[in-house]
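Data first, discussion second: the structure below is written as C-alpha cells.
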Amino acid sequence: MIVVNFKAYKESMGKKAIEIANKAEKVHKETNVFVGVAPQIADIATVAQTVKIPVFAQHIDPLEPGSFTGHILAESVREAGAIGTLINHSERQLKLSDIYMIVKLARENHLFSCVCANNPSTSMAAATLNPDIIAIEPPELIGTGIPVSKAKPEVVTDSIRLVRRVNSKVTILCGAGISSGEDVDAALRLGTQGVLVASGVVKAKDPYAIIREFADASKPYVS
Amino acid sequence: MIVVNFKAYKESMGKKAIEIANKAEKVHKETNVFVGVAPQIADIATVAQTVKIPVFAQHIDPLEPGSFTGHILAESVREAGAIGTLINHSERQLKLSDIYMIVKLARENHLFSCVCANNPSTSMAAATLNPDIIAIEPPELIGTGIPVSKAKPEVVTDSIRLVRRVNSKVTILCGAGISSGEDVDAALRLGTQGVLVASGVVKAKDPYAIIREFADASKPYVS
Amino acid sequence: MIVVNFKAYKESMGKKAIEIANKAEKVHKETNVFVGVAPQIADIATVAQTVKIPVFAQHIDPLEPGSFTGHILAESVREAGAIGTLINHSERQLKLSDIYMIVKLARENHLFSCVCANNPSTSMAAATLNPDIIAIEPPELIGTGIPVSKAKPEVVTDSIRLVRRVNSKVTILCGAGISSGEDVDAALRLGTQGVLVASGVVKAKDPYAIIREFADASKPYVS
Amino acid sequence: MIVVNFKAYKESMGKKAIEIANKAEKVHKETNVFVGVAPQIADIATVAQTVKIPVFAQHIDPLEPGSFTGHILAESVREAGAIGTLINHSERQLKLSDIYMIVKLARENHLFSCVCANNPSTSMAAATLNPDIIAIEPPELIGTGIPVSKAKPEVVTDSIRLVRRVNSKVTILCGAGISSGEDVDAALRLGTQGVLVASGVVKAKDPYAIIREFADASKPYVS
C-alpha cells in the first residue's frame, strides 16, 4: 500500500495534482499495487473525476454539517470523491478528543481513516481508537530523504509491537524520508504494510519512475 | 453586493451547492446585482465550473506553497476557480498576524480579501490592514434571524465611522440575521455597500426567492 | 482520593483559594483521606506555602525551559510548590502528541500527571501514555450537579474496563456533576479510586462541609 | 521605560526570577528609570512580594472568572501583584478578537496593557484597540542579539508613523535583539519611549550591569 501525500507543494497543486494522480494510476494499472493519492482539498473533486485510484483528503474537521465556516467536512470530501482521509498528520496535529471524533465521523461517512502518529507511544494511543490505518512518521525525518525505515528502524518496530498489543487489525504504514525502492523494501521487511510518502514522489524529477520503483519494491510482499 | 456564505450546511453542500449557486447566478442575470457565493473548499472547483458569478473561499491559511498537510492555500483555491476569500469569519477566527499575512497572500494571488470582524473596534483594526472588503458580523446574532441592521444599527454605524477613519476605500458589508429584503434595505440605508448572508438564504424554503428579494432591495442603492 | 479543581471561579481565586485550601487541609487532617487542590497558576505559590496537602497545577505546556512567553512550565509550577498537574482537562484540551510530551515532562520533573479524558475510548488512549492518574469527565455533565457516577455509570465502568486492558497501575478518578457524598460513594462503588470535583465544592455554601462529606463517603473504601 | 521579559528561561525562573527582579529594582532606585519585569505566571506572587517595581504578566486569557481550567485570568494576576500584562507576544500570538477582549479586560482590572506586534501594519492595527503600550518586535530578530533599532530602523520608524496616525497617546516600545546601551539609545533616538528586552538581560553574564547600561542610555531621554 502506497499513499502519496501531495501536501501543499507547488509541484502537486491544481493541474499538476492531476498529472501526478495520472502517473500513480498508471503504476497501479501496471503493477496492481494499491496506490492512493492525497491532494489538497480544493483538488479532490477534479482528481477524483480523473482517476479511479483511491483519493484521500489530507484532513477533515471533527464536525457534523452545520453553522461552520472555513472547515472541511467528512460529507463534503466524500461527495467530492474522497474515499478516505489522513488524520493528525504531524503538520496538522489534533487534540486527542478530535482524533476520536474524526475517526468516528470517517467511519459513519464511509471514509477510510488513516491516523498519523509521531512516535511509538502515540501510535499505540491512536491504535486504541480503531482507525483503519496508522501511519508512523517521526517528524524530524519528514522531507529529509533519510528514511525512517533505515535511520530509525526501532521506531518502526517499537510502534508495530505497541500497536499490535491493542489492535490486531489496523493496517500499519510508515513514512518520513522514504525516497527509494530500497527504503520501501526496508519498511515492509520491518513489518509494515506500506508507506506514506510525499516529497520523495512529488519533488522527484520523474514521479512516475519513483512511484513505479516503490510499487516494484512492494510487489514481493503482496500476497 | 450580496455574498452568500454556504457554511457547512447540508443544504448547501456538493450537488446542493451547485443548485444554490445556479439560483444566485439567475438572480444576478435578472437584476445585475453583484451576487457572490462562498461554498465549502471541496466544492469550489465544481461550483466555479458551473456558474460565472464570483466564487469565494470560506477561508485560506497564511501559508505559501510548501511542506504543509491539510491546509488551504491561496494558490489552490485560486486555481480551483475562486476569485476571493472570506478571512477571520467569527466561526474561523484568526490571529492578528495571520490576518495580515492572508490579506497579503490574497492580494499577491489576485483574490479579493473579505475580512470579517465582530465589533466596531476589530472592524477598524482589520481596516488598517487594507483588505478589499470588511464584513461586520456580531456573532451573537448569527443564525438568529434577528438582523444586525435593525437590532443593533449602532454596531453598523459605529463600525462604518471607525473604519472610515483609517480606510476610505474598503467596501463595507454587514451580516448576521439578515433574512428579508427589508433587512438588506436597512443595512444599505445605514451606509454599508452590501450584505454577507448564510442561513437566511441557505435554510430558506425558496433560496431563489430570497436572493431575488435581497437583490431587489439592493437595486435602488446601485449607482 | 479527592482532587478539587479550583478552575477560574471568583470563589476560589487569590485569598479565597487559600481559604478553600485551608478547609481541604482541615478535612485531610480530620479524616486522613487524600485531598488535593488545583488552584490557578498564579495562586500555586501562596497556596503551597500555606497548606501541606498536595497542590496540582491546572495545566502545563509541552515545553522545556527556553524562549517562550506566556507559557506554563513543569519546572516553574514545581518550584512554586506543585507536586502534580492536570493535563487535557475538557476545558483545556490538548493535541495527542502534546499530552504524550507533558506526561513525559511531568515525570522528569517529579510531578504527578493526571490526564483527563472525555469518554471511555479517549480514556483508554490516554492510559497507554502511562500517566499516574486518569480522570474521566463527560464534558456534558460538568457543572450540572448531575453526577456521572449516577447518570452515566456505564461511562465510568466502560472507561475502567478499557483502561485496565492497557494499564493495570494507573489510578482512575471520575468527575463531572459530583456534588454529594452519595455521588462519591457511587463513583467508588463502580471501581474508581476517587473523584475530581470543582463547582460541587467551590460553589457550595459551605465548602468545608461538602469536602468533609466527600471524605467521609470515601473512608470505607480506603484500605 | 525598560520592560524585562523573563520568558521561560531557566536563568529567570523561581528563585532566579527574584534575583533578577532585585537587580532591576536596584537599577530603578539608582537611576529612577522605569524598569518593569515580566516573570512566569507562577512567579508573579513571589516577585511582587519582593520588589516594588512594576510586575507584568506575560499573558492573560480573554476570559472573565468562570468554569475554565488551566487559563490565566486578569483578576488572578492582578491579585497576585501584577500591574500590567504583555499581550500577543510573538511567542504567544492571539486572535484579533481576543486581543480586543484582553485589552478591555486589562483596563477593567486596572492592568496596563502592552500589546506586542510583529510589523508596522499589525502595530497600527493593534494601536486602534487603544492599549496603553505597543511593543514592536520583528520575530526574526528575537534572541539574535541583532538589534531591531539598528538592523531594521525602518521597521521602527514605519511602526511609529502608522501607530501615530490612529493613536497619539499610546506608549511605543521596541524589542528584539536589544543587548547594549547603544541599542537602547538607537531605539529611543528613532522615537520610541523604551524597550522590551529578554535574553539580552536574562542570558547576560551580569544582568545588573546590562540593565544599568540600558537605564543609563535611557536617562538623557527622560524628561
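The letters A, B, C and D name the chains in turn, as written, and every chain counts its residues from 1.
Keep in mind that, in the parts below, a residue touches a chain if its C-beta (ideal position, glycine included) is under 8 Å from a C-beta of that chain, and two chains touch if they have at least 3 such contacts.
Please read these numbers as outputs of a predicted model, since none were measured by experiment.
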- Minimal step count in the chain contact network, chain A to chain D: 2
- Note on the structure: Greatest centre-to-centre gap (Cα means) from chain B is with chain C
- Chain-centre distance (mean CA atoms) for chain B and chain D, in whole Å, is 37
- Query: How many angstrom lie between the CA centroids of chain A and chain B, rounded to a whole number?
  - Reply: 34
- Item | For chain B paired with chain C, centre-to-centre distance based on mean C-alpha positions, whole Å | 44
- So which bits of chain A are touching at least two other chains? 90
- Message: So which chains actually touch one another? I want all the pairs, not just one.
- Response: A-B, A-C, B-D, C-D
- Hey, which residues of chain A end up touching chain C in the complex? 88, 90, 93-100, 117-119, 121-122, 124-126, 128-129, 162, 165-166
- Query: Quick one: in the complex, what on chain D touches chain C?
  - Reply: 5, 7-10, 13-15, 38, 40-46, 57-59, 63, 65-73, 75-77, 79-80, 86, 89-92, 142-143, 198-199
